[in-house]
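The two complexes that follow have chain A in common; it is paired with chain B in the first and with chain C in the second.
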Partner chain A sequence: MGAGLRTWLNVAVLSFAFVVIIFYNGMLDGWNRQGRNDTIAWVTGAGQFWHPGFDRFDPYTFQDSHNLLSPEIVSEVEKKNLSPVLVSQATAFPQGRSLGVILKGIDPEQTILSLPSSALKDEINQDNAIVGKRFAESANLKKGDKLLIRWRDKNGTFDAREVNIAEIFNCDVPEADNGQVYLSINNLQKMMGMQNEASYLVAGENNPVKNPDNWIFRDLSFLLADFDKLILSKRVGASIMQVFLLLIALIAIFDTQVLSIFRRQKEIGTYIALGMTRIQVVGIFTVEGGTHSILATLLGALYGIPLLLLINKTGISFGIGQNMNITLADTIYPYYSLKLIISTILLVILSATIVSYLPSRKIAKMKPTDALKGKLQ
Partner chain B sequence: MENSSIIKTENLIKRFPVGKTDFTALNGINLTMGTGEFAGLVGPSGSGKTTLLNIIGSLDTPSEGTAYVLGKSISLLTHAQSAKLRNHHIGFIFQTYNLLPVYTVYENVEFALLLQKMTGADRKKAVMDALEWVGLTDKIYSKPSMLSGGECQRVAIARSMVKRPEIVLADEPTANLDSKNSHHILQTMKVLNRELKTTFIFATHDEKVMKYLDRIISLDDGKVVKDEILTAEKY
Partner chain C sequence: MKLLIILITATFSLFAFTSPDAMEILDKVDRNMSSRNRIFESEMIIHGRRTSRNITSVTYSEGNKQSFTEYLSPARELGTKMLKLGNQLWIYSPSTDRIIQISGHMLRQSVMGSDLSYEDMMDDRKLTEIYSAELTDNEIIDNRNTYVLVLTTKVEDATYFKQKIWVDTERYVPLKQEMFAKSGQLLKRTSLSEVKLIQGKWFPTRIIYKDVLKDGEGTEFTMTSIKFDQNIPDYIFTKAALKK
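For the complex of A and B:
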């Protein structure tokens, strides 16, 4: 390469950019995978069938958005392919305080979601409830505590009851936890006066029901749209940082190329005198500059592979996810897909080659006689 | 010297812009050179020796007039055509050798042949032959930085001769060499001139070179002031 230390400094900076880009995107992909998997496991299942009027973000729709479960649906519920959920607004009074909550009636026998619903099996006529860790902490509840809840039934009549906190579960999905109180669906149906009704149905992986009457299917792209937008916004922010990092490396390569062409004018003149066309000489210098990226990829692989594998094994713990109200696991394990690695290698090689080509174009305009004399142009 | 003409210039003029005016480096050069000549362009600095050499080597083009090399008008050649002419038919020897520092002696000599897409075996034979002519077969793995000035220039001669060109243009080839090395280099070139019938054209003001020349073309202020053919075999 002829530029010695400068070349290796460029290669080092470019390899750092290469490794950081893979690491950062690997973290985002890892977060995305964990977040999606957790949300599917705790909230969405493989998809949901909603009452046409139901909107999970609008509690005012809950009161009127419920359908009777047809025999076909009941049959699939028994086969664990569907799980009905009845939703209602309510107010909880933990230790005399008033908290707005969402009551969710779920099937204690369901296995589609990871919720510990078996704890809702009504033993000795207790009204069992399960809540998440976040809610339990905010309401200062412990397992075995009693929680007074007040709700309005389908006729608008207020009623109240104490429920027993049978289980407190820990999950990374705020939507499954914050302000959510889970009861047995049979209990909630009785409390609401909505026998055999549900607001939505959670579908399992093998659900055969496609278009049941009076239900609208919401697929994962719809149910995870907010999470996807969150990841996308983080990705855009990360891209800006990565572009700056790459830019620093590319400016260094550009600078080296300009200097190299200036210092090696005699060599360029000699190439032309030996019978190379100017385009061929431009090609030599472009490939030489592009070689920075190949070396950077190799160097990056040398220290990046062990480093990234270690992080992939140990994960990175943020310890703030529970307080941020976003789906973020305590420990994120980065995920380095083949697509990510190949696209990053291509990005680095392509950008370094383009940056090497730009100053090399000057060669095409050089007079060989001046180049041979080493005259500054 | 043989009669067939391989270089011909007609009223050749070359001007270079200097500030707002033009400097006339060549002013109406008319020359004819034949196959196998061992000729020198001599004259003081600024007389136009190197400019004429560059035009003959298709590294530059005339401002006016015509230069024919191997029957081709230099002015009418495209970049690719002039590159092909240099690659196949013209060898260059420079004052500062201009060897590629990262390549070995062998690779420096081989470089010109790589552009000709010659097969590996033919290339190796041609390179070894060329290095044998200049007596450097024992230095094939050496880098230019490990060679003396005389050895570097011998590599440059091998590089210029390896493709068996019709014309070799040497710009002050002995300017950086001591007397002993200069004579060695010139003797080598003279032998190659005789054996391969290659036309050698020198740009020089070195008295040592002039002693070897068969023809001395004296230039001054861009004009041919004397064209002397020396028939006596001196070496």
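For the complex of A and C:
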């Protein structure tokens, strides 16, 4: 504390680094949690069973990747433990433009995904479809509009018809929205000539079917792999920024320690003359330097807790989620886990202690008599 | 009563005598439009929303199984080659010096942004093989008398479920075609013109393809020169020819 105002400057900078690290990682954790939850709710369910040839990122596999639903699967569909989805490529023609779309046939009665599939019921002389907000905006569609779609059936013969946009849903997962047109699965099966067939099955939380024949189970680690990689890459980028921020604070502590040892040589000599070992004196100075981090933690907590709690309550809106092809909610609510807080405190304390120790090692090489005289060493 | 029966029979007999059989007409169209092989140079004008692009090419084709196309212009497409063998299609791009196989559902994509898909270009099966025909009317198109035939598919894998085709009554060449979806929705319209007598066959040398579901003026396809039944060396229809 002998460094006076310099001590408080160091503590302020370190506390800022401490709060920013928690805030930034909290934002990433919040994004991760929201993104995963949204993707599970809108796209993946608790896992999926795929036709062996199906690849959701390769539309050219759709035409040949479909299986008949066995009685066992149909029974689980009725119990709402599984939800079949039939997928096909098509072209939509909104206002005379042509747009490549994916037709997805879903069960109007399904409850596993958050899609408003009930809008696909009640089809009286019209084929209902639901689309996401992003697609509706890109195709300039409103609820109640008609959309002409053209597709090829299982034999490759063209067919076309108008569908009624029965509902436009808003979700943060582009995979559930961009270029997707949802129809009733019975309707799409008839359109494609693929009665009682599906491309994949979405599993609910309580799905008892484990390894049905001709289906391959894809778990969440597989289905969310891309999103996990995205978060990981953001974490790496963020950690570089955090290291720089921490480095600035630690350099200030290091500098303060060097100056402190230089100015307090007589004090060091006195400690040794009074019988303290050099290691004990090094320890005193290291603890003193390390105390910066304790103070920084306390100061950070003083203004950080109310600030971070406020952000946690209001969230932060970036206003870009709908325009980017990534799962990003309009408003991100940070998530501060106990693990994050403790690991950040430990990081700050440990790094501040190490940089306090490094200059203090010089004390071990001092001659006590010269130190007492205040001679430069 | 007897008189009525005689009158009805006579009317039907007269109609049968004056109206040729629809399948016969279609067969004559097939004979005109198909040949053992052909070599033609063509210009394709693709009308986009803002601009149009001209692509010229030379094509060698044999029956409906083998064809080889080399693009001559614009400079960006110069040297690009396409080879079709059976149901397979390969494209060679000189900029990457690579041969890419276009297969399965990629054949349904548009050729260079035109109103034609690779499959449209490749599917040149005889109409009599795919459709059963019904003569429904007679109309005049471009000052030519035409038979109006409605074709309905008799195979499962036809691209278009139904077609309406206007056939020149003298030359047995289609002058207009409309392609319909299973639901009856009109999908594409082609206009065929500049019919020339080439080596004893009447052949339309200008075709305008129009995807009626989207805006735009469609794609013009003009054959600037065409030769039938030539001696095409076998190596033309090999993958090795793509890199030559």
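One rule holds for everything that comes next: the second predicted complex is superposed on the first by the 376 of 377 C-alpha atoms of A that agree within 3 Å, B and C clash if a C-alpha of one lies under 4 Å from a C-alpha of the other, contacts with A are read in each partner's own complex, and residues count from 1 in each chain.
The rule we apply is simple: contacts are C-beta pairs under 8 Å (C-beta built on N, C-alpha and C of every residue); 3 or more make two chains touch, one makes a residue touch a chain.
Keep in mind that this is a model prediction, so the values were computed, not measured.
Asks: Clash or fit: what happens to chain B and chain C when chain A is overlaid?
Replies: On the shared chain A, the partners fit.
Asks: For A:Ala225, using the defined touch cut-off, is the partner it touches chain B, chain C, both, or neither? Pick first, second, both or neither.
Replies: Touch partners of A:Ala225: none, neither chain B nor chain C.
Asks: What is the contact status of A:Glu267 with respect to chain B (first) and chain C (second): first, second, both, or neither?
Replies: Only chain B; A:Glu267 stays clear of chain C.
Asks: Classify the contacts of A:Arg97 with the two partner chains as first (chain B alone), second (chain C alone), both, or neither.
Replies: A:Arg97: touches chain C, not chain B.
Asks: Check whether A:Ile342 is in contact with chain B, with chain C, with both or with neither, and answer first, second, both or neither.
Replies: Neither partner.
Asks: May I ask you to decide whether A:Pro368 touches chain B, chain C, both, or neither, giving the answer as first, second, both or neither?
Replies: After superposition on chain A, A:Pro368 lies in contact with chain B alone.
Asks: Examine A:Gly275 and indicate which partner it touches, taking first as chain B and second as chain C; both and neither are also allowed.
Replies: It touches chain B, and chain C stays clear.
Asks: Specify the angle subtended at the CA centre of chain A by the CA centres of chain B and chain C, expressed in degrees to the nearest 10.
Replies: 150
Asks: Per the contact definition in the header, classify A:Asn155: touching chain B only (first), chain C only (second), both, or neither.
Replies: Second partner only, chain C.
Asks: Taking the superposition as given, tell me the minimum C-alpha spacing from chain B to chain C, whole angstrom.
Replies: Taking the overlay as described at the top, chain B lies 74 Å from chain C at its nearest C-alpha.
Asks: Which residues of chain C touch chain A in their complex?
Replies: For this pair, the touching residues of chain C are 104-106, 108, 119, 153, 156-161, 179, 181-183, 185, 187, 211, 213-215.
Asks: Would you tell me which residues of chain A are touching chain C in their complex?
Replies: Those in contact with chain C are residues 59-60, 62-64, 89, 91, 93, 96-98, 148, 150, 152-153, 155-161.
Asks: With touch defined as at the start, can you tell me which chain A residues reach chain B in the complex?
Replies: Residue positions touching the partner: 2, 266-267, 269-270, 272-278, 280, 367-369, 372.
Asks: State the interface residues of chain B toward chain A in the complex, per the touch definition above.
Replies: Touch residues, chain B against chain A: 54, 57, 59-60, 79-80, 83-84, 86-88, 92, 94, 96, 98, 100-102, 111-112, 115, 159.
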